[in-house]
Amino acid sequence: MNKITKETVKAFMPTRERTSYKGSYGRVLLVGGNENMAGAIIIAASAAVYSGAGLVTVATHPSNKAALHARLPEAMFVPMNNTQQLKNYVSSMDMIVIGPGLGRDDESLTILRTVYETVKSHQILLVDGDGIYLHMNEVVPKPKATLILTPHLGEWRTLTNLSPDEQFVEVNQEYVKDLKAIVILKKARTEVYFDDEVWENTTGNPSMATGGMGDALAGMIGGFVPQFDTIKEGILSAVYLHSYIADQLSLTHYVTLPTAIIEQIPKVMKDISKDKQKRWI
Amino acid sequence: MNKITKETVKAFMPTRERTSYKGSYGRVLLVGGNENMAGAIIIAASAAVYSGAGLVTVATHPSNKAALHARLPEAMFVPMNNTQQLKNYVSSMDMIVIGPGLGRDDESLTILRTVYETVKSHQILLVDGDGIYLHMNEVVPKPKATLILTPHLGEWRTLTNLSPDEQFVEVNQEYVKDLKAIVILKKARTEVYFDDEVWENTTGNPSMATGGMGDALAGMIGGFVPQFDTIKEGILSAVYLHSYIADQLSLTHYVTLPTAIIEQIPKVMKDISKDKQKRWI
Amino acid sequence: MNKITKETVKAFMPTRERTSYKGSYGRVLLVGGNENMAGAIIIAASAAVYSGAGLVTVATHPSNKAALHARLPEAMFVPMNNTQQLKNYVSSMDMIVIGPGLGRDDESLTILRTVYETVKSHQILLVDGDGIYLHMNEVVPKPKATLILTPHLGEWRTLTNLSPDEQFVEVNQEYVKDLKAIVILKKARTEVYFDDEVWENTTGNPSMATGGMGDALAGMIGGFVPQFDTIKEGILSAVYLHSYIADQLSLTHYVTLPTAIIEQIPKVMKDISKDKQKRWI
Amino acid sequence: MNKITKETVKAFMPTRERTSYKGSYGRVLLVGGNENMAGAIIIAASAAVYSGAGLVTVATHPSNKAALHARLPEAMFVPMNNTQQLKNYVSSMDMIVIGPGLGRDDESLTILRTVYETVKSHQILLVDGDGIYLHMNEVVPKPKATLILTPHLGEWRTLTNLSPDEQFVEVNQEYVKDLKAIVILKKARTEVYFDDEVWENTTGNPSMATGGMGDALAGMIGGFVPQFDTIKEGILSAVYLHSYIADQLSLTHYVTLPTAIIEQIPKVMKDISKDKQKRWI
């Protein structure tokens, strides 16, 4: 199993070209946040913006708009229950993240189905949180996009019917192939399963055991992938840095909140890319 | 009377296990914030989140949702006037804090009664602010949960009919036994009454005499208790650190606002647990 | 004319007694913020809270509630267009500030009249901004409270019909006596007119020439007066420190925004009172 | 082609007179932010406020009010779909910025037309973002105000029908003359076209390639122009400093968000004007 280390991520970090513009860094749509769970999608969207995504749009319940813009004016809003608008926005995106705070009711399912039906093969679709629940428990169309799933251990167990002591890497790999997805298995040392290789993260600590942490990771991946040379490099770098920042914060913080991690993303990305990055002044 | 000191709290601070997850640190529900008093429950919920509670949900008036999520995306929302939803959420919690900004009208009383009727013996229920008012002045069912009350001096007088010069520790202890509750008597030097022992806090100062200070304490206790080995250790540590942070801030601030205290919680918890806490990197 | 200096303010700063509680530091109501001008009353209320007022309540247009609590959870809300609630709140206050963003239409006037009719002689009423406009241009009842007016130069001209070159201190003093009010005449060097003495401020600079600056001053006076030994000491200290903070900030900021000033209040109050203030730890 | 350098901007920076007041620094109206895009106009308005504009008012969709005031209490609100109110506000302004997040539908067009019809020759009108789209693609009245357009390269191509390799400075200048506008052509090295001279910016870097960056520039120009001796000096200084701050931030941040840039404006303006600026204390 490959290890994701600081050196790996340093090598992956992209350099921004002088004549690039916001379109060069990805159009990302985050879908989630039902009437009760605005926070999850706000956290995910903030992570995408602070990761340097070019343009971030949030499809969420209309009642979440004021809180979204009060915290994150950099993001645009779409009402997720407006099927036609949702389809239009999905179609124009490079990457879609669905699931944080999406809920598990009929309305949530309709939204998930709309996204699944609309995505095309050149797009990337990350399914997280309640999205994974619906993906596992409901009849949903097969999305044509490159699929990324981010289950935690409990969700993985439901997805695979594997008890914890059966979840060896080789066994997991077989299940991942069946799912035709890239799987990010979230645990103390997160594992990332691609079709033909598996990576284990080397960062992370229990100060991260708090609500919203997974939403921040989903948003970071959404922000990283369209900026990086390959999907693999974007995912591995996001997984590593999300926990790397928490490790740094944990030296001085008993609990590392997702909002505290997000704030550090631009600085840590700069730090890690310093050798490669051109100085602009 | 035992004294709560820095050494006491240091000994109580729990160590997080590497394989723990957010469920390990408590599901906490905060109930309060009527149409006029969103701020009280936002302060309490923020204190719970920054104290490291695993999952924080806020049952409040629906008109408070935008402000809650704009300030604290880490928290989930439930409309407190939806009796069925409230019952469901109460049932799935480790700890419930009711009272900050709850109000004192019929609607407030209905909500308090629903919570009191629903809690089970394995749960912990903290009653604060307007919750204490209703508890004292209205006919309410006897909650089955472990009960914590946080009266200030005036409320204690109403609860016990004791004039200030009759409130000796021994007398108070008798009344506490009748109440079948743990009582946190808030004053310049706060006293904590358990069934068989009494503790006096050694921190606190008059820069804390400002609105919302009690809400912050209620939220900290809500966040601490499910993380600590025992209820007693969680309560005493929260009481101490709440005022300890204010003491530190008072060196440079004339008034120490509850939001300023909350911001410091993760750092001070880390500081106080440094000798015990494993370094994760 | 007396000069307000750092030494004056140092001598005025009150010391908090160990057994004081939030009620010791004043119940303050701020009335203002119509449908278009939430910001003005949010700034005023923030200034009152950060000045150490014991309990701060904001009577404003209901549509301003979310923004108020998102920024300032320490404050309570009352709908200002609910006459009965407004009366009840006014009656229980030590100090009322009316005017910031209040508007100048019929609804604004009704609110002003309600407050003017309700206040009693033991209360203090500060009238600012649109409140001054209504006070000058409409028929309003004579408030029984101690009255403080905070006109800027243009408003003073309208109030007195004095052209700028007629506004000598002695002339102003005559008009102030007629008004039966304490007048804070806002200008480059603000003057404070009491019945029998006049004070000139020694701080202030043109980086303060920006929207909301007067609202911050009104809120600071509202927060200071109930904490200080006398109304005069509270007013003079607020006037001085408001501009003193801006002077400090102007060393590094081209424009000093009211929100930037407000953030510094607790630190500067501590600083200025260091010699007198007991250390609590 | 003239270069905008630090020395140029230093020479342009105005000195505030001791007796100036907020009216001395411009009344600025920002028009934009439809139901989905509150963030754009909030960013623009924040930039105007932090640039030191005397009085900032935001005409936007009513559903954006809470987020606006939660982030920026210094700004006033007007509902942009209320034609009469919009006209009244436009008439009383020194400078109007229209376009950020305005949208491109019939309602957006009505608003743009209202502003175009209402402005007078003594006023300055900056058209940005969706405003440029409507200006190019719809029949609109000729505004009487001094007109500033801020197209990016793609919009310029549509405006002029010039392919990228035909866009020489001399050619652009001809088109600018036809447009009877000052044109700020946004690119890696932004160019500013006046009637008789062209300036090239010397700051800017690809960390700025992120959503909202143009809104921040539009707002800064809106804030700068009424404060500076001439329109030209205000525009050139805003263009330079917007990217200068990003250059500074890019030393430590991989992506420089518009909100991060805005926060630095008051400090950088002070820094750049230090030699000229009087010290007030």
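A, B, C and D are the chain letters, set down in written order, and residue numbers restart from 1 in every chain.
Just so we're on the same page, a contact is a pair of C-beta atoms (placed from the backbone, for glycine too) under 8 Å apart; a residue touches a chain by one contact, two chains touch by 3 or more.
Here the structure is a predicted model, which means the values were calculated and not measured.
Relative to the C-alpha centre of subunit B, the farthest chain centre belongs to D.
Of all residue numbers that take part in the contact between subunit A and subunit B, under half occur on both sides, making this a different-residue interface. The mean-CA centres of subunit A and subunit C are about 48 angstrom from one another, to the nearest whole unit. Taking each chain's centre as the average of its CA atoms, subunit B and subunit C sit 34 Å apart.
Residues of subunit A in contact with at least two other chains: 66-67, 70. Within the complex, the subunit C residues that touch subunit D are 35-40, 42-43, 46, 63-64, 66-67, 70-71, 101, 152-153, 187-188, 203-207, 209-213, 247-248, 250-260. The part of subunit D that touches subunit C in the complex is made up of residues 16-22, 24-25, 49-56, 65-70, 72-78, 265-267, 269-270, 273, 277, 279-281.
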